[in-house]
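Since the structure comes first, as structure tokens, the remarks are kept for the end.
Letters A, B, C, D and E mark the chains in the order given here, with residues in each chain numbered from 1 onward.
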Amino acid sequence: MIVDCAHYHEGVRQHKGPLDIETAAAAANGDGDFVWLGLHEPGASELEDVAAAFGLHELAVEDARNAHQRPKLEDYDDSFFIVLKTARYIDEKEEVEFGEIHMFAGRSYVIAVRHGAASELRAARQRLEQHPELLQGGASAVVWAILDKVVDDYAPVVAGIEDDIEEVEQQIFQESADATERIYFLKREVIQFHRATFPLLAPLEALERGAYAPVDEQLQRYFRDVADHARRIDEQVTGQRELLTSILEANLALLGVQQNQVIRQISAAVAIIAVPTFLASLWGMNFEHMPELRPEWGYPLALVVMAVLVIALYRFFKRIRWL
Amino acid sequence: MIVDCAHYHEGVRQHKGPLDIETAAAAANGDGDFVWLGLHEPGASELEDVAAAFGLHELAVEDARNAHQRPKLEDYDDSFFIVLKTARYIDEKEEVEFGEIHMFAGRSYVIAVRHGAASELRAARQRLEQHPELLQGGASAVVWAILDKVVDDYAPVVAGIEDDIEEVEQQIFQESADATERIYFLKREVIQFHRATFPLLAPLEALERGAYAPVDEQLQRYFRDVADHARRIDEQVTGQRELLTSILEANLALLGVQQNQVIRQISAAVAIIAVPTFLASLWGMNFEHMPELRPEWGYPLALVVMAVLVIALYRFFKRIRWL
Amino acid sequence: MIVDCAHYHEGVRQHKGPLDIETAAAAANGDGDFVWLGLHEPGASELEDVAAAFGLHELAVEDARNAHQRPKLEDYDDSFFIVLKTARYIDEKEEVEFGEIHMFAGRSYVIAVRHGAASELRAARQRLEQHPELLQGGASAVVWAILDKVVDDYAPVVAGIEDDIEEVEQQIFQESADATERIYFLKREVIQFHRATFPLLAPLEALERGAYAPVDEQLQRYFRDVADHARRIDEQVTGQRELLTSILEANLALLGVQQNQVIRQISAAVAIIAVPTFLASLWGMNFEHMPELRPEWGYPLALVVMAVLVIALYRFFKRIRWL
Amino acid sequence: MIVDCAHYHEGVRQHKGPLDIETAAAAANGDGDFVWLGLHEPGASELEDVAAAFGLHELAVEDARNAHQRPKLEDYDDSFFIVLKTARYIDEKEEVEFGEIHMFAGRSYVIAVRHGAASELRAARQRLEQHPELLQGGASAVVWAILDKVVDDYAPVVAGIEDDIEEVEQQIFQESADATERIYFLKREVIQFHRATFPLLAPLEALERGAYAPVDEQLQRYFRDVADHARRIDEQVTGQRELLTSILEANLALLGVQQNQVIRQISAAVAIIAVPTFLASLWGMNFEHMPELRPEWGYPLALVVMAVLVIALYRFFKRIRWL
Amino acid sequence: MIVDCAHYHEGVRQHKGPLDIETAAAAANGDGDFVWLGLHEPGASELEDVAAAFGLHELAVEDARNAHQRPKLEDYDDSFFIVLKTARYIDEKEEVEFGEIHMFAGRSYVIAVRHGAASELRAARQRLEQHPELLQGGASAVVWAILDKVVDDYAPVVAGIEDDIEEVEQQIFQESADATERIYFLKREVIQFHRATFPLLAPLEALERGAYAPVDEQLQRYFRDVADHARRIDEQVTGQRELLTSILEANLALLGVQQNQVIRQISAAVAIIAVPTFLASLWGMNFEHMPELRPEWGYPLALVVMAVLVIALYRFFKRIRWL
């Protein structure tokens, strides 16, 4: 589905509604002109039309047809093919939902193909259209705007995970509850998220260094800015990964602490009941001469002795903190 | 055993059935001509005939004679020797079955030697024969086609392991069953699989960069595509490895949780029976003046008291979730 | 808020009180002249005024507006933008408190923006003003002085963590107390602190190597000194991280040791009480011919036997160290 | 002790028995001539004689005097000094026995000094003498032959460890036996073996790349072959190391599983005996009106009730798999 | 405190007793002349005098004033500043005691400042004075001699730790004693020792490669020798670190094994006493018709039955190895 398709001349949009593909392809070969085409989960034929109109490379088109690519930047002499993973944190499920954006970026066109619940790019387009001075950078400016949007959208994911980690800390340290399953699934999400963001670092740093020709020096700094944000995300994710490993270990240790505590409680309880039971057995013996069995106060005294012992034991175990 | 042996001219197969080795070797020296020879677990003499006919290097031939090589690409000036590990996932046994493909690739010939349950190459050959424009790339195109097939066949292995990991998660988190053995053997498979695929990355990236002369620029992109797939596989395998480590730890923690639970259940049961037993001992004492032993309602009341205490304890332990 | 703003000529401050921004910007373009402007959490408009007066790059200004940047050094042809994390150890809470200093460093100006509880820079300024020979190095000398101050302030943090690690060792080895939570939170602080200091190493080493033009050779050695201190911090933090991992494991093992000990104690206690209880049951049997029940010394002897057994068991368990 | 000392001319041995050192040293300076001298744990004076005759460097000679060097290759302009660790697996003790070979390799001589139970080099010499075309490569060919022998001898070690790992897997998963000590010592052997083989990789790869002058291109491929084998060994050892870590963790988890099982068994047994004991106490009470005590069938019925309950409990615990 | 101060000409000491600083500084500017000055924990003024006399750089002098530097080599155009950590193993405390040596090495002087219990350098000086051919290398030879001494002194530390590791293995595997604390503190020492030796590798390898001008090629090999020893130390320490991690895990597993054993013992003991206790309760019941209570042999038979059961149970638990 075509989301939008616009022709820009010297940084200014030349028309209101979206162009059709042929007109756009024809417009995308002037000097200060370029076309920005946005597609959302295009059908096979639609993608083929676009590929034919803009002369896209077969391999890149094949990749764009399927989601589940890894983030990458491929250089095809006169154009790039860029794959980005977008991410969104679903707090209720504590899951990261991934989408994908595939970009074909030539000197005079950018074709962005969105798959799944990928970041909305409308905001990026509007922001850029309000900055004609950036848009004059041409297609590279669009590439930057999309990268910037995608990487900025990683921040809430990191924050969401951070929140959940804090909740887990609360859970295991304050509430002494087991959180093994939650920790494990958080870690799984972090590993997946890392896999989605980490491979982006190398191409972003290449863009920052200006390894790719069509990016002018002015824009390079904007790419550096994106690379810097991506690095920050990556460092945070790496830290979270290590934290989650530590939490899992702490959780294990706390289970041991709890077990020690439970065993002590039980033992105390067993001791408290074993002592009077022994006494009862004792006075249940059938010796003929057990003088304490005779008097009337024998039984009440026995009960008192038992009660006193129980209370004393209870206090003792309270004091040594087994109860 | 010779599987197939064909002579291609300008990307077109020149005959139907397989050629014999001498004819093939003679044909493999023209300009746009090359020969594609497929062998399956060749005998020593067969391999020697081929080596003599095509002038293969002794060391490479020695390697090809034995399976259990590590993946590699060796440059012999005028030819390459490539070793690939093929992999297939046997879901019932949760094992990865490995095979090997050894390729001798010269300017005008490709000799592929399959060992064990290696990927069928027939599909690669047929696909390529239907694309004469690729076949015009000569021997390199065949190398690409085989690499592409082998690396594509890694994907189901990763998917199979992924499925089993999800089953294990289900097993330990939903069913609270111990899965130590299964996790361990899955991890062993993942380690082995990693060892089979990882060493391929460096030579594939060298091919992608065009470090080896006879690959033309057009094909380089196809090699880059293969390298990209291999990287994706590698990242997934690395992720699975880390996940399995975490699952083993989570499994250990869950064992602790279960143990705590079991100990609590047992303690509750002990307490529930210890209390009436104490009472029975109490009323079994031989004091002469135990007024409650006299009346007729003494015994039934005692039974009632015991029953009430048992029920109260049971409820109590239910409430604090020890039962 | 402007903290101070001074114009230096040949290393000597030209006036007493702070200058206003316009005068400063005008002064900051001579040969041996430069301006050092210190801001503390400036408002948006204040920062914009400064940016306009000194011609700072939009992206750097945007970064300086928000705290929570990662440490970095960005080169803008004629100037640098440097982000530093400052750290302070709050011993009571066992937490590292972070602040930030953002520096814009041009040939003839240094603008330092402090966020949060960042290191006071007054000391750095006073120290430098007393060394005009260093100040003659111009803006680079100021950059060095600030870096030096910030990195020196890391040392007490490392020392504070070191102290707490020793306390934890004391706690788990001498006092046999569980310290899981404390260890975990110390580790979290160490991970965060590492993330605040580690990214600084690369740009400091670049400064040391003289990768950035406006630093003269004399000052390079001073930057090397700072880099060396930062490396020492980094190595100590890495060591602490590994130590804390080991402590967590040791803590887990000690929990197991304690549990073994507790189980032994309990078992000994159970055994000590079970034996006389058995004897009491034995003599409570209703056989008609139990000769020991008859004589007067029967009961006292039984008590003595029980006491002797209890004492013997107690000694036995003491000897095998179960009690 | 001199093992053998031979003078080769154009790849052909010039005499039968071993030469004495002076004659050998004199012969070792022609064009196609070189000398291969094998020593086994030479005395100090013997080594000094050799050093004087061939002009070996003092530092290398000092190293050769003592075993316990790390594997290395040192370039002394006109000669190399190579240290190799040889390894042999002692299956009964599950230990790797290490020896050492020190080689002085000049343009026209190779002096191999064996320490400890190092690989026999006789086989390497005989194999090479049967391939005069290789021997024409001169001293480098001898270096290759020795390297090849040493690295080939690593394979049985890896295989031996592999077998023991499989035995351990059998032991802990099938036989549920604890294997902590065995796993630990296997891991220790693997770590030591890794330390013996890993440092060899870098110099072997340097030889492969032809970083050292006197190796001709033809032989380089043979060195590449050795390097490839060494890499395979290294990858296998690394895999074994990781496996052993996982086994230790699996072993720990299985201990937990067993403990849960043992605790359940015990609890079941306690419950089975506690119930009839309670009943016995009950009917041992001294209430005057306990009608069931009167009739003759009272006692047999009580016994039946107890037996029924014991059997019912036993079946119950069998069904929930606690027994 | 000045330990010694000597002027060497062409490798020969020019006088007996120590020179004073001014004379030494004056002598240290000829061609084949150089001065070797040894200081031990010099006072501030003493160090300043030396700095002034030899023109040492302020930053290096500041470092030399304080111990607790990290190992490093800093190049000051015409001189080096080298920091070394010396180490000594205190076997009784199982601790590594660190000292420091700071060297200022110029073309014609070496000033060695020792801090704490650093290696005695007298031996290095005497050894060198007996080898005038080495001393002719000038100041570099002294640097080498000191480096060599310091690195050689690491070997006993590694050996001491090795011994203690073997003791710990003995302790936990043979004696089944818990060694958590000992393992932990050994690991802490190993981590600290690693931090003291590891940073030395890079500068030593730079010296080995001849990255620093004033070292002649002859001496380079001696530096390579030192670097090689340092690498060996480093590999051993790394191995010990990994071993200690494994021991801690093995220790944990053994605790689990012991716990299982203890629990089984206890359970067996409980069972052995519970069965006769049950029988005693049984025969303590008050049924009127319990024929076995009547006869004279009733009681002795009961005792026999109990004894037989106890023995049978004991044997049973012995056989299944619970006792």
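Note that a contact is a pair of C-beta atoms (placed from the backbone, for glycine too) under 8 Å apart; a residue touches a chain by one contact, two chains touch by 3 or more.
What you see is a predicted model, and the numbers here were worked out from it, not measured in a lab.
S.K.: Give the chains in contact with both chain A and chain D, ordered by label.
M.R.: B
S.K.: For the two copies chain C and chain D, what rotation in degrees overlays their C-alpha atoms? Round to the nearest 5.
M.R.: 145
S.K.: Using mean C-alpha positions as chain centres, tell me how far chain B is from chain D in Å, no decimals.
M.R.: 25
S.K.: Averaged over CA atoms, how far is the centre of chain B from the centre of chain E? Could you give it in whole Å?
M.R.: Chain centroid spacing, chain B to chain E, equals 41 Å.
S.K.: Hey, what residues on chain C touch two or more of the other chains?
M.R.: Where chain C meets two or more other chains at a single residue, that happens at 249, 252, 256, 259, 263, 270, 274, 277, 281, 284-286, 290.
S.K.: Can you tell me, using the touch rule above, whether these chains form a line, ring, star, complete graph or other shape?
M.R.: ring
S.K.: Under a traversal of the ring that begins at chain C and continues to chain E, how are the chains ordered?
M.R.: Cycle of chains, anchored at chain C and oriented toward chain E: C, E, D, B, A.
S.K.: Help me check something: in the complex, which residues belonging to chain B touch chain D?
M.R.: Spelled out, the residues of chain B in touch with chain D are 57, 59, 63, 69-70, 72, 74, 76, 178, 180-181, 183-184, 187-188, 191-192, 195, 199, 245, 248-249, 251-252, 255-256, 258-259, 262-263, 265-266, 269-270, 273-274, 276-277, 280-281, 283-286, 290, 293-296, 298-299, 302.
S.K.: Could you please specify the touching residues of chain A with respect to chain C in the complex?
M.R.: Of all residues in chain A, those touching chain C are 169, 173, 221-222, 224-225, 228, 231-232, 235-236, 239, 242-243, 246-247, 249-250, 252-254, 256-257, 259-260, 263-264, 267, 270-271, 274-275, 277-278, 281-282, 284-290.
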